[in-house]
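What follows is a group of structures, each given as structure tokens.
Shared between the two complexes below is chain A, which pairs with chain B and chain C, respectively.
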Partner chain A sequence: MEIEVGRVIRSSTTRFTVGCRVLQPQVPVFGALVKARAGVEIYGLIYDVRMEDDPFLRQIATVDDLQPEYIEDQRHNRQVPIEVGVLVVGYRHNGEIYHWLPPQPPLSLDVIHTCGPEECVAFTRQFDYFRLVLESRDLPADELLAAHLRYAAQVRGKDKDSFLLDAGRELARLLAMDPIRLDALLGRIRP
Partner chain B sequence: MPGERMALELSKVIGQIHEMGQELAARARQERTLSPTARDWLRHFAHRQEELRQIATSEEGRRVRCASPGDEPLDMARPAPTMPERITLVAADGSQIYPDRHGIALYYVINIGTIVFRHGSQRAPEVATNPRLFYTDDQVFPGGELVSGDLVSAERTLAEIQVLTDLALSVSDGDVPCIALMDGPLLIWLQRTNVPQERQARILHDYLTCLRRLRSGGLPIAGFVSRPFSAEVIALLNVAHRLLEAPSGIGRPLEAKVRNVTDRALFRFLQPGERSALFVRGTAANEDFQAHGHTIYFFYLNTGADLARVEVPVWVAHHAEWLDLVHAAIYDQCRINNGYPYVLTRADEQAVILGEEREALEAMIGRAMASHGLPLPEFSRKAQQKQKARWRKRR
Partner chain C sequence: MSDDRLLDIWFHRPATPTGTAAARRLGIVVGGSLSEGLRVKLDQNTVVEGMAVGRYVVIHGQTGRRFFSIITDVALDAINPAIEKTPPDTSDRFITQVYQGITTFGRLKVTPMLVLDEGSQEPRPVKTVPAHFSAVYEASEEDVSRVFGAADEQHFYVGTPLDMDNVRVHLNLERFVQRSSGVFGKSGTGKTFLTRTLLAGIIKQGVAVNLVFDMHNEYGWESEGEHRYRVKGLRQLFPGQVSVMTLDPESSQRRGSKVDFIIRIGYDQIEPEDVELLAPLMGLTDVQVGALYFLRRRLGRAWIERLLAEGEAETEGPGELEQILDEGKLHGGTLGAIQRKLGMFRRFDFLQPHVSVDVVGKIMEYLDRGMHVILEFGRYGSTLEAYILVANYLTRRIHERYVQRKEAALGRKGEEPRPLVITIEEAHKFLDPAIARHTIFGTIARELRKYNVTLLIVDQRPSGIDEEVMSQIGTRVTALLDNEADIRAVFTGVSGAGELRQVLARLDTRQQALILGHAVPMPVVVQTRPYGPELYAEVGHEEGEDLQSKLERNVALLRGEQVEGFD
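Then we have the complex of A and B:
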């Protein structure tokens, strides 16, 4: 099932930011695979969910026995939009999935959806996009990839373990020069 | 530094700033010395409401525009009543873009922000804005003269109460008590403003119509004045002191120095949540309100962080249950918001028009003008030259 995350408010070829109103239990989730339809379907991983503060909010936060209406007001009416950071990991064009950067970024106000299990399986059949994640060193890249892989394994049901083993082999190849990093990452996705 | 331009040369005002500090300190000292005396008077006259009412309506009382007491003891301090479990607060506040004859076109904007806050509902409040653009001949050249800032302000106040009235009446369902709240005095004062006579009459009429509708709908309204500077109760005490016998053992009248004590200093004995006795506003404008059954009363309230003045019409002042609702709800809202009602902060936040929003609006107006074949609109030469010259300072 696809769930709407929000709409693009800023974008570039490598990353984009989605604005959404409130946090739902299912979305947006760290590591989730999402897509934007912008001629081509652009895939990305949610790497950040950000709520900004301001002096008003900070002051309200210090109040004792705060009534729920104030909290709801700050969350639903003032904390808008919640900013969701997405790292671009590939795209689909004419039915083909590519694990490299799309020719164009999504446009502002494009709607972003989560990907359903089938689409997630289809996108993660190959691992060429790992490099795009691992090279984003200003992000918690390893945590992001691990969270994403755990989710991608989950939707595979009984094929979960073999998927994680394959992913682990690919990581071992990519991070052969950095055994400490590799070890930490494998520890996070161990079946 | 050569070439540097500094419009306000701070070095040239240092002396004046120093003197200002001295002056303010002297005023504060005077206030501290005089307010206990004023409080003695308040206690002395506390139960002589009838005599004071006569004084307030006497020629002298009307001349100084002093407050007139209600029936409560003048030195009363009433604690905040219990907040009901459910109550709906509806608030409105406005902002405006004043007309600028050096701008791209003559227009003004009034934007009213509103909030419906359902205390006890556990639901997010509903917030909204209500912008209006004024540009017709009649709007920007009322009576043939360029619209004044005073008129825009008066129209804004009217729009505030109109939007507030419509909204409050529409959300009030009879099951949950509801109050309407405005920022600033409920008593509007148009006489000495730069507003054409017939406009004054029309604005007042429409304003009073709102109060009538609220009264008919059983919906109490209040105006909240943060940091009031008025001294109408002090003025009353002064006249009373002069016209009635001087209380023994109480200090000499303040008279000449009276402006240095405000009602706020007088009522500083109120504890957080407590309100003062009710008084009737002494301003001349209240006569128009009185004539229509909406005499404006006020009380002072310790909001927990400051002393505020709350204004209510007579039909709220004389309705004990409504008055308690207003008292309890305003204090509850102030308690969590640094001494100012939360709903008013939020209504203002909705209403405020930021610089970049104004620029976006002007760009749209410019495009609309161009699309109707008008020459590309531009600022006046004066505004253009100012912008150029100020560019360096803005960097």
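Then we have the complex of A and C:
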């Protein structure tokens, strides 16, 4: 079951931003795997969800007696969209999944969907994309990866623990020289 | 695709090269050298604690070669050395599992010994190493069996490799007797039992005749093992092929050991050379040893008798000795010391002023007939001087005869003498660096098999043996040694075997031995085979009950109740 998140409003090879109208209970969530349906399917992890203000909002925020209906209305009919930051972690071409950066970024207004459980399992069968996450600057990379792994484990049902163990071992390989970071990360994905 | 392969895929097992479906992959080669051994990183799933020094592994090289190697060390390693300072939280199973085999892992040190070329069945000595990342497998029983061959006329089963109860390690006895060999180990590690096993093999295969200087009366007739169970002596296992001689008939009789001959040596047969070997033991100085030769010249064949007689209180008149002193040829103190020290001979009842039988001739006669001779020392076994005196006395003369025979044979004037193996215990007393150069035992060890005589030395302190002699020891069978110097000594002259020291120091305290050298294709740690009923049966000995039932069967046969033949 794929849910539409929104449309691309800014993009680059490594990251893109999706504009989204409302927050739904499941969408967008930090760490979720999403994809852009461009020529190739581009996969990314949601690393940020941001709500900017606008002049009108600023005014309302200071009003004393706000009616609940009024607040609801403001939330749904926003002037500025919710911005969802996505870190690119791979792409699919001719049915083959690659854990490295796509040749081209998604185009503006491309639609972004969440990935369903099967696709999530398929994408996380290998861990080559870990480095793309761990090496990203100025975003909470470890938190992101941990949230993503917890989600990817969840969709596996009874294979959850062995998945986390495999992922943990890959992390141990990558972060062997940084035991403190590794420890913190493992602590976040421990079953 | 074969069913096996399908199963492998099903169970996510890595493909193994053909013929080793059962072999377990342990890790990969990550570095090292031929001289210092290879470093192996264990796979994540290989349990370090399942590895053991002394076991075999097979490395599958890139070119289809297989390298038989022996594990010489097991170690723990980590990608980041800092982990030793900040170990992870091991109470958490998840964290422990993640770390195991990834950031922390086991390592082996393995020494390649033999190489088997692709398609070949004949292992050869190794002259190169497998490439980086070659896979390392546990050696299968099949692999090890191939190396240690099958039992045949030359090969004798001596034990099983560690953890491989179904594989038999065979010693090439023909090669074993070609050069001098040694059985080493601390006291109580099984040297005597092992030696008895080896001797049984030599007798059964008929590769040599044996002369055993049996210090503790353990080879000929029944003796007691631990827990008071009795083990059979060689004479019992090979009736009619082994003859027992004794220096102490009372002791032999008491033990029920049947004796063919009582050894007596006349004072007049002893030469200074026979005594010289005892110098360190008796405390004879160089001057005193020199004096022995002088006295022998002056006093003639009866020199010892005269010296001992003059030593007694009732000397009659001015003897020749006083004359010698008067001449100033000998210092009075020197003479006195010699007389005092030789005085110990009086306590040796097997020494008599004069003996008419030629003991050496007698022993030679037995050996010539292919009879193995075991010389029991009885109570004299606890007197090292007696042991050394007799062993040296007999060996010198027997060797001399062998030299004559061999030379005659070379000149086509006689038959080649049978190869002879002389077994001595406490060998370091004979082969001490200070005397090895001058003694017959040093000579025999050094001249290899030039005259068809070799030694089988049994010793618990190999560091006391002259290095040059040690380096000539062809096959070394070594049980546990814990003294650093002794361990080093065992490897004298063995190239690239330094790593094996680790193996040696970690043997069990009993019935395990490292065998290396001439008689085995590669060093091997064995659980030595039990010296007991199975061995008795293999060498052709039949227990009393069997004889009885056989007799009954043959009687039945005679009565026409069966139609098979006798046996």
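Keep this in mind: the second predicted complex is superposed on the first by the 180 of 191 C-alpha atoms of A that agree within 3 Å, B and C clash if a C-alpha of one lies under 4 Å from a C-alpha of the other, contacts with A are read in each partner's own complex, and residues count from 1 in each chain.
As a convention for this text, a contact is a pair of C-beta atoms (placed from the backbone, for glycine too) under 8 Å apart; a residue touches a chain by one contact, two chains touch by 3 or more.
Note that this is a predicted model, so its numbers are computed, not measured.
Taken together in the superposed arrangement on chain A, chain B and chain C fit without clashing.
Once chain A of one complex is fitted onto chain A of the other, the partner contacts of A:M177 are limited to chain C, with no touch recorded for chain B.
Look at A:G168: by the touch rule set out above, it reaches chain C but stays clear of chain B.
When the shared chain is aligned, chain B comes close enough to touch A:F56, but chain C does not. Residue contacts after overlaying the shared chain place A:E69 against chain B, while chain C stays out of touching range. When the shared chain is aligned, no partner comes close enough to touch A:N94: not chain B, not chain C. With chain A fitted onto itself, chain B and chain C come no nearer than 49 Å, counting C-alpha atoms only. Annotation: chain A has no residue touching chain B in one complex and chain C in the other. Chain contact summary for the complex, chain C toward chain A: residues 44, 79-80, 82-83, 86, 88-89, 92, 94-95, 97-99, 101-103. Contacts from chain A toward chain C in the complex involve residues 164-165, 168-169, 171-173, 176-177, 179-180, 182-183, 186, 190-191. Taken in their complex, chain A has these residues touching chain B: 56, 59-60, 63, 66-70, 72-73, 75-78. Taken in their complex, chain B has these residues touching chain A: 117-125, 127, 336-338, 342, 345-346, 349.
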